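We just call them A, B and C in the order they show up, numbering each chain from 1.
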Amino acid sequence: MKKRSTGLLIAVVALLVVQAGLQMRVFPLWQKNYAPKTATPVGLSPEQLLVAVAGFREFMAGILWVRADGFFDSGNYDAVLPMLRLVTWLDPHNLDVYATGAWHMGYNFTDEAQRSDRRYLLPALKFLEEGIQNNPNVWDLYFEMGWMYYHKIQDPVNAVPWMYKANEFENIIPARRHMLAHALFKSSQFDQAVNTWGRLLLDAEKERTKDWESLNLYDVRQKNLEDTILDILRRYGPNAETQPPIDMGFDAKVTVVRPRVILVEGTLNIPTIGARVTVILRNKGQKLDYTPKALETFTLEVDPNLTYMQDSLAVRDMKFRREIDMSKDPKMYSFKAPEYEVEFIFDPRYASPNIQDRIGSDGVGMTDRRYLDTSDPSARMLRKVVTITREEILMLRRGAE
Amino acid sequence: MNATFALAGATFGEAIRKRILLVILLAALVILLISPAFEPFAGRGQRTLVISFGFGIIQLAGTFIAIIMCTGLIPTEIERRTIYTILSKPVQRYQFVLGKLLGAIATLGFVYLTMGLMFLLITRWTLGEFDPKIVQGLIMFFFQSSLLAAVTLFFSTFVSPLVNYFLSGGVFLMGNLMSTFLDTIQRNPEVTPLTRIPVQILTVLLPNFANFNIQNPIINPEQVLTDEVAYLVQTIAYAVIYMVLLLVASILIFNQREM
Amino acid sequence: MSDYAIKTVNLTKRYSGLWSKTPVEAVKKLNLEVHRGEIFGFLGPNGAGKTTTIKVLLGIIYPTEGEAYVLGKPAGDPSNHYNLSYLPENPYFYDYMTGEEILTFYARLFGIPEPDRTKRVRELLDRVGLSRAANQPIRTYSKGMQQRIGLAQCLLNDPQLLILDEPTAGLDPIAHIDIRDMILDLRAQGKTLFISSHQLSDVERVCDRVAILNRGEMVKLGKLEELLSGGHVELIAEKVNEGVLEPIRNLGGRASLHDGRLIVEQPDDGTIDRVIDLVRSSGGHVISVKPYRRTLEDLFVETIQGGNRQ
């Protein structure tokens, strides 16, 4: 006697529909909460995939991250980037990987005793941005991003939105909130800077009596608010010390002393000590764009034919001078392009306070007959660009004078 | 129902005495116990190591135990002819299949309880805290293994144990990857509907095992989840419904089966 | 129909293999009638279709053609399972369980509620002589003890019909006797026993009727006495005159004469007296007269060989 199975068959179909419905409901939530979001697992071997789907995902990521960290330390940067891809795919919520990875790329790849390679700044930013996409509900990476702009790139204007974003979180470490005020001040939004300090002070006042740390926080904010107001009054108030503007008499020149070794020197008429001039050597016209828009299409790869050397020169006795040796590392300094440009910048926003007291952090107290650059609304800067050909750098002909 | 529970009880009693399953369980417990010693591999986060490794071991053991146990449940009964003494009693075939599944789930419950307690002990000891989220993760993995058990039991009604190992293992692998695959495809605008639609259909039809892996936010507690409770409830409901589906399908085939 | 414990009508079971195209006919047009209260021997060599028939009767497999009735209902009818029991050939039970546990397990399958369950289990352990081994795991049991546990689980529901598949296979001679006595005891209680076997010596003593199955077909059926009737008597005589050979042969036996020594195989129908008379009248000297009874084994071998020659 065979059992009749029509009923069971109908049940199977019905249940199949119900589970499909549930799965379709669960999937978007899974995507939001648990899916590895950005990097695709391209180039993963089956074993790696197997490990990845088993519970060992984060463990594997941890091991790879240790390896990657080792490569960072030994300077094997080419090996690091693909590993970072894998690590963040396996464990997209490990903030440490994003923060430390970006820090390595942004700081250690770019500037060490014997190297200067700013090309890695964009990958660092891109990496952080990816981390933010994967962890939109955590303040840490917004802050790291802001810090990268504020401190490393020295672009306070683009740091501000990230600091605002980080400040939206309740659980951000209280002292980290201060960076918003600093970034606002440096980008010459003085009103906003004062407002922010005021608001922070009010917040701290409420909890001032809670413990010693809270009291300390209150004191720090109070002092910062007062200093900011005093700075503004001194520099921009009645009888401001920044007036009348001084002529900086800025100039700079590049000499090729040996193949791939250049001597940069120049003058800056600033009476006090502590001023620094930034010098950049890059492929002609290849100015790096750090704006958020530029990140939309950028990848972690760097262009091997691109050179982006940056150095900071101390001004002593109103002169600066440095020999820069670019003969050691052809990976950074390929010199394959026909023309390069050397840019000299004096940016008062990152000058020391004693200098800012004289010329203002926005450069209002300085002028220059030839090289004053007023294109950036947040500050007046000094900027000179010199073009130098490949032949000149390689000394295939007489160097540029 | 009494007969079903009697069968479940016998299945459980037999499974927990099976040497291979005990060896896997014991190995998992030992590895869990020594897992803090792997710290040098773990980079900065001990939390990452202990929790991810622990969950990994538990899931792996759960997977192997579910597959190895369930491939044999029905074929062994036929082979040693106990099934004839059972089916010649007033026991319906659906009761037999249901009893087997319940017994398998009870066994997995026992396995997860043992491993889970060890895991909680280890995390309490190494991380100095008791994280209730770990229990959540364990429960989800328990449902994952139970669903896998239902899949294996379903296949065991019509394929040989050897084929079943690969079949169940394959479905488990696919069921773990489909979501990621679909996710990747959906993000890539160059993928044509001709590729996307079959993947979508497969994702919706195959048992989705990736749903149950919620350990990432447990390892990275900073993460803020949207509708977490709804997700967990729906995923468990999904597991239960899919298990019922497989059970009914198993019964459907088993009813026609000649032994 | 309810006079029969088991009845099959043209029961046919074909297995179509997964790989081979030609189906195997395990049972062919089997017509079987087992009366209530009898011990029915279901005989045949291995592969004759005995177990297949039993599986159909139990509803574990389904007939390809024909019908099968058990206790007046179609085979596989769930309500039947309260009134019948089955002991498979060489069953392996969950051997981690003790004798008592396994019986309790089967009692639960029958839905026997407590406290009847415990009482019944104890009773049966006693009855099959396993009370003292009740708390030992089955894996420590001897083959005979395992078979007795198997019988005990068959009796849990106090069935009307017991189907025993090779109940004595692999048992030592003493265990054989145990099982045989239990079978007789059960018949005394009015139960129907359907016993399949390819081992003949024990069964022939207890069966009321037997059917012999070969290659899925029933080749012989009947009361044991009827099937075994028709043995022969052997006579050996000396100094026999050649002239009596022809009259003796005319009596229906087989006779041969060499050097005055006569050997006669005479049907066991009383004609042997006349053979003796003939021998003596010719001056012969009767040395021995020995009756040879037909055994079930003879019948079995004759039947199967006869069937296979066709």
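Convention: a contact is a pair of C-beta atoms (placed from the backbone, for glycine too) under 8 Å apart; a residue touches a chain by one contact, two chains touch by 3 or more.
All values derive from a computational prediction rather than experimental measurement.
J.: Sort the chain pairs by how many C-beta pairs are in contact and tell me the top one.
T.: Contact tally peaks for the chain pair A-B.
J.: In terms of CA centres, which chain lies closest to the overall middle?
T.: The most central chain, going by mean C-alpha position, is B.
J.: Between chain A and chain B, what is the separation of their C-alpha centroids in Å?
T.: 45
J.: Provide the C-alpha centroid distance between chain A and chain C, rounded to the nearest whole angstrom.
T.: About 93 Å separates the centre of chain A from that of chain C.
J.: Centroid from C-alpha atoms only, then distance chain B to chain C, rounded to Å. What do you get?
T.: Those two chain centres are 49 Å apart.
J.: Residue numbers in chain A touching 2 or more other chains?
T.: As it turns out, chain A has residues touching two or more other chains at 2.
J.: Touching at least two other chains at once: which residues of chain C meet that condition?
T.: Within chain C, residues 59, 62 contact more than one other chain.
J.: Where in chain B do residues touch two or more other chains at once?
T.: none
J.: Of all residues in chain B, which touch chain A in the complex?
T.: Interface residues on the chain B side: 41-45, 48-49, 51-53, 55-60, 63, 93, 141, 173, 176-177, 179-180, 182-184, 187-188, 203-205, 208, 210-211, 213-217, 219-220, 222-228, 230-231, 234-235, 237-238, 241-242, 244-245, 248-249, 251-252, 255-256.
J.: Taking the touch rule as given, give the residues of chain C at its contact with chain B in the complex, in rising order.
T.: 15, 55, 58-62, 78-79, 81-82, 84-94, 96-97, 105-106, 108-111, 150, 153, 157, 163
J.: Under the stated contact criterion, what part of chain A meets chain B in this complex?
T.: 2-3, 5, 8-9, 11-12, 15-16, 18-20, 22-27, 29-37, 40-41, 49-50, 53-59, 61-63, 65-66, 69, 91-96, 100, 135, 137-138, 140
J.: Could you pull out which chain B residues touch chain C in their complex?
T.: 2-3, 5-7, 9-10, 13-14, 17, 80-92, 258-259
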